[in-house]
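Each chain gets a letter, A, B, C, D, E and F, in the order it is written, and its residues are counted from 1.
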Amino acid sequence: MSEFFHMGGYAAYLWPAYLLTFAVLGWNVLSARRALREARAEARRRLADREDGP
Amino acid sequence: MIGAALAVLVRDLRLALRRPGQVLQPLAFFAVVTVLFPLGYTPELDKLRQIAPGVLWVAALLASLLSLESLFREDAQDGTLEQILLAGQPLAALALAKTAAHWLLTGLPLTLMAPVLGIALGVPGSAMPGILSSLALGTVTLSLVGAVGAALTLGVRRGGVLLGLLTLPLTVPTLVFGARATELAIAGEGLSGALYLLAALAVLAVTLAPLAVAAALRIGSE
Amino acid sequence: MLEAIDLTVHRGDRRVFAGLRFAVSAGHCLQVVGDNGAGKTTLLRTLAGLLEPDEGEVRWNGQRVETRALEFQREFVYLGHQPPLKDDLTGRENLRFGLALRGTAPSGGTGRAIDGALAEVGAAALGDRLVRSLSTGQRRRIALAALRLTAARIWLLDEPVTNLDAAGQAVVASMVASQLDAGGIVVAATHQDLGLAPARCPQLVLGRRA
Amino acid sequence: MDWTWFHKFGSPPHVYRLAGTLTPWFAWPAGILIVSALYGGLVLAPPDYQQGDGFRIIYVHAPSAWLSTMVYAVMATAAAVGLIWRMKVAHAVAASCAGIGASFTAASLVTGMLWGEPMWGTWWVWDPRLVAQLVLLFLFLGYIGLRSAIDDLGRADRASAVLAIVGVVNLPIIRYSVEWWNSIHQTPSVMKMDRPSMPMDMLAPLLMMLLGFTLFFGAVLLVRLRAEVLRRERGAAWVKEVVS
Amino acid sequence: MIGAALAVLVRDLRLALRRPGQVLQPLAFFAVVTVLFPLGYTPELDKLRQIAPGVLWVAALLASLLSLESLFREDAQDGTLEQILLAGQPLAALALAKTAAHWLLTGLPLTLMAPVLGIALGVPGSAMPGILSSLALGTVTLSLVGAVGAALTLGVRRGGVLLGLLTLPLTVPTLVFGARATELAIAGEGLSGALYLLAALAVLAVTLAPLAVAAALRIGSE
Amino acid sequence: MLEAIDLTVHRGDRRVFAGLRFAVSAGHCLQVVGDNGAGKTTLLRTLAGLLEPDEGEVRWNGQRVETRALEFQREFVYLGHQPPLKDDLTGRENLRFGLALRGTAPSGGTGRAIDGALAEVGAAALGDRLVRSLSTGQRRRIALAALRLTAARIWLLDEPVTNLDAAGQAVVASMVASQLDAGGIVVAATHQDLGLAPARCPQLVLGRRA
């Protein structure tokens, strides 16, 4: 197991690379969902204004 | 249409003469940069000769960038850009005219200055024709590509930085071919190949850039 | 005949006006009035094609103006809030440029025409000075001269009398009148009155949108 | 020919709903592919005969790099469509692409550098492939910068569209020029892509990753697209139904 | 007075960084500029290492010029410069605040970016502290000297324009010492001497430039 | 008491006016009128210290203003042809900056004061929008709010009612009136009438110099 993480001496490069890449994947997922959530909220706010606005 | 384009060209040249500072600044920058390298690097001419192409070209590139920022901004601010947009003339032609003026005011002077600075970098006199022709061709492309960026960043805060960020990557080919041509010129080898490439880029830019500029200006004027 | 058909225009995501209709026929003017922020400038810029209507269209003699934008542009002049002048050119040079840009060649020579226009707007003495050195009202007069010089049929004027003294305002009024007499069309946004017969110059009142 | 499908794509509500329904069809396969490729790449695949375990970086590096190029292509195409046919939805697609593309370009760069240090003993070399990738990152950043600098959405859409198109015209020229630049400096491209054909158990995970990343991009794009479409609809009637 | 100066500083920063992404733009910009040199010269790191000082300092000069030109012009055009002139506050202090904002927006990002760019140019990690400190000091001077130039160019008077140009040569000492310091840092030799000189220049600039700027602004506003 | 003593001012090499004398005492206003190019703006800028008189001097409470320029600057506000606003800041941010710049701290909190001023000029709804997105008149209203906020005793106004609708012009009139009631001084250059009692607001007519 530890040998697996050791990656034949390349651990110091390999794991950061994987970590970063999956961080990027994660960021994409989260930011996309946040964007959608915010857009929804924004739209609701607009509709609300529309109701009580002119 | 030709008449209108000419009018724009002449107007911009006349304005530049009335406000020489804006014309001279890029040239001064060009000079400062090219003399800076020997100071920071080494006094040995044969070493300097090696970096001369890169220095000359990067300096020229950045110098023309410096002057591009104000290409359309002033017209936009005093309302004359709208006048041009609504002149009932093909906008691309007028955009080309403005870019031509810009080239005459920066590209051409830079080209003419290059040999002088080249000497300071140990460039042999035999290389001058090559340097002149390559810069003359390259700066045309730089002005045109830059004009697109300038039109896009019109009315944007700190447009200068953004303009650089947009424009410089697009100027990579010009830089590569231009520097190579200069290198060959200094080495005294034939540089027609590189010049052809530069010319091709210039032609491409002359045909496409004005359209992009026109579109960008229309968008920006809303 | 200049028509607006159900124009709807947004600025940012703010609806400025919607379903606006009107028609101005040759020899008539339209005075656009409304509170600050009502949409006068927006309307004029839309007519000039500087803004795109989200819905509706502008027609000139029955044709959508987008379809032949350049021809239409030669039919009108747009004079906005600030006079389109180059500070570092003289009044004359500015006027000359304006004519060359639009490809207008006044009968009887450009120089003479320019002198005439400058005199008409009471700026004869200012023509050879750098615009930079002119007062606000003097600049506007140069801009009026430019307006006079163009052969355009349609004038789109945004607050033409601002910064003008009494004499200047009279000049504007008479210019508009003669333009209408010549069968032209004037659309003007103003807060002050232009002093024209209402029959000739109906008002279009824009509702306020803050 | 019949253009109704085209106009249908133009209609925000339709796109919004379609994107909603499609998302899981991209997300799940992507997830499964990536996870299994991960296992295949890190555990099943044997060490490289010369690079040892270091080569395994390829499973995150190559897909990121490949995706970066593809995203830019999608972005530019969408931008062009939006500009030519005045299609709001297309602009929304382009807008959604930028962030994704930039992030994967950056990922390919950093993973590449992390690979370079052990392989070439330096974090960075001026290899044409690398330079081209760096320039691509700049193009993305410029696009994002321009967008963020313009308030009015409509203006931002069309201005950045012009930029994207100019960029895509340039991209091949840039790639060619850096290759040319490299060739004249006689430094052989360090990233030899014509490596001896990988054994299947090495190649399979790579291909799975490539496919997985691509699908992943699709899924994220669809979600972002919905957000962008909403932002572009000034509270039209259909928005009411979908948000409340 | 402190309050007013702070207000100016904060305003300029807010204007520049209206949106989050804009903080990163200068960083990207410097990266682009740096990439140009290898493309114009050579990919070989040990050759690039030699021109690294020149590259970094040219980037610094460019950055200050590119953005300084608009430092006062925008305020002059929208009338806020007069507001500042008539604020009943010591003008030099406000000018210093504006220049500080400018440094934070160009000099600082460049300094922070330098190590990354250094790596790309094959600069050894050991040189980074020296590079950081020399750039931090040098960019301050560049911003201040540039500000004087920008203020002078504001003047409608023809002379001002050319005067503004004359400040460009004034930046040369900074560039020379800066490049020298960077060179020494890369060579791994002691650079304290060069740093002292840079510091001296910076101090001189901080004390004198604001006064010059204030005077120039007053003249320009007539 | 604001005095002009034998003011002579040149613009370029053009003498705009010479030997100009007047005095405005607390609670009074001076309406500067004259044709375009008469020298209204020049006079206001000279009073504000933006131009140096070639001869004569400006006195505030008997003292030459040059001698204590900074103190004097805190006594007045100058509102020129174009409202000093940053396009990329909101109205509120602009007002806040104006206050911080002059070191004015309104009683009862800045925020509240700003809201009050905005409401007074009928721009309550505009305060949080970028100035870039405001119409010309809306900008001027923000500038008026800024004027209102400063504690300055002297107002130097160059054509304060340009681009303003009827309501806006009324706002200016009432603002000026209340400023005078508070013992302030207003020097205003206008082409339109401000609608104030002549006793309170004598006219200074500048002769025309083209």
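Everything that follows uses one rule, which is that a contact is a pair of C-beta atoms (placed from the backbone, for glycine too) under 8 Å apart; a residue touches a chain by one contact, two chains touch by 3 or more.
Here the structure is a predicted model, which is why all the values come from computation and not from measurement.
Between chain C and chain E, the least number of touch steps comes to 2. Among the remaining chains, those touching chain D and also chain E are B, F.
When you average the Cα atoms of each chain and compare centres, the chain farthest from chain D turns out to be F. Of all chain pairs, the one joined by the greatest number of contacting C-beta pairs is B-E. If you average the Cα atoms of chain E and of chain F, the two centres end up 37 Å apart.
Taking each chain's centre as the mean of its C-alpha atoms, chain C lies 49 Å from chain D.
In this assembly, the C-alpha centroid of chain B lies 45 Å from the C-alpha centroid of chain F. In terms of their C-alpha centroids, the spacing between chain B and chain D amounts to 32 Å. Multi-chain contact residues of chain A (touching two or more other chains): 46. For chain F, the set of residues that touch two or more other chains comprises 88, 133.
Contacts with at least two other chains are made by residues 15, 18, 22, 25, 28, 32, 35, 39, 42 of chain E.
Per the touch definition, chain B reaches chain C in the complex via residues 1, 3-4, 6-8, 11, 14-15, 18-19, 78-80, 82-90, 221-222. Those residues of chain B whose C-beta lies close enough to touch chain E in the complex are 19-22, 24-25, 28-29, 32-33, 36-37, 39-42, 50-51, 53-55, 57-59, 61-62, 65-66, 69-70, 77, 157-162, 164-165, 168-169, 172, 175-176, 178-179. The part of chain F that touches chain E in the complex is made up of residues 48-52, 70-74, 76-78, 80, 82-89, 93, 97-98, 100-103.
By the touch criterion given at the top, residues 11-12, 14, 34-37, 41, 81, 125-126, 133-138, 140-141, 159, 162-168, 191-192, 210 of chain F touch chain C in their complex. Residue ranges of chain A in contact with chain D, taken from their complex: 4, 7-10, 13-14, 16-18, 20-22, 24-25, 27-29, 31-33, 35-36, 38-40, 42-44, 46-47, 50.
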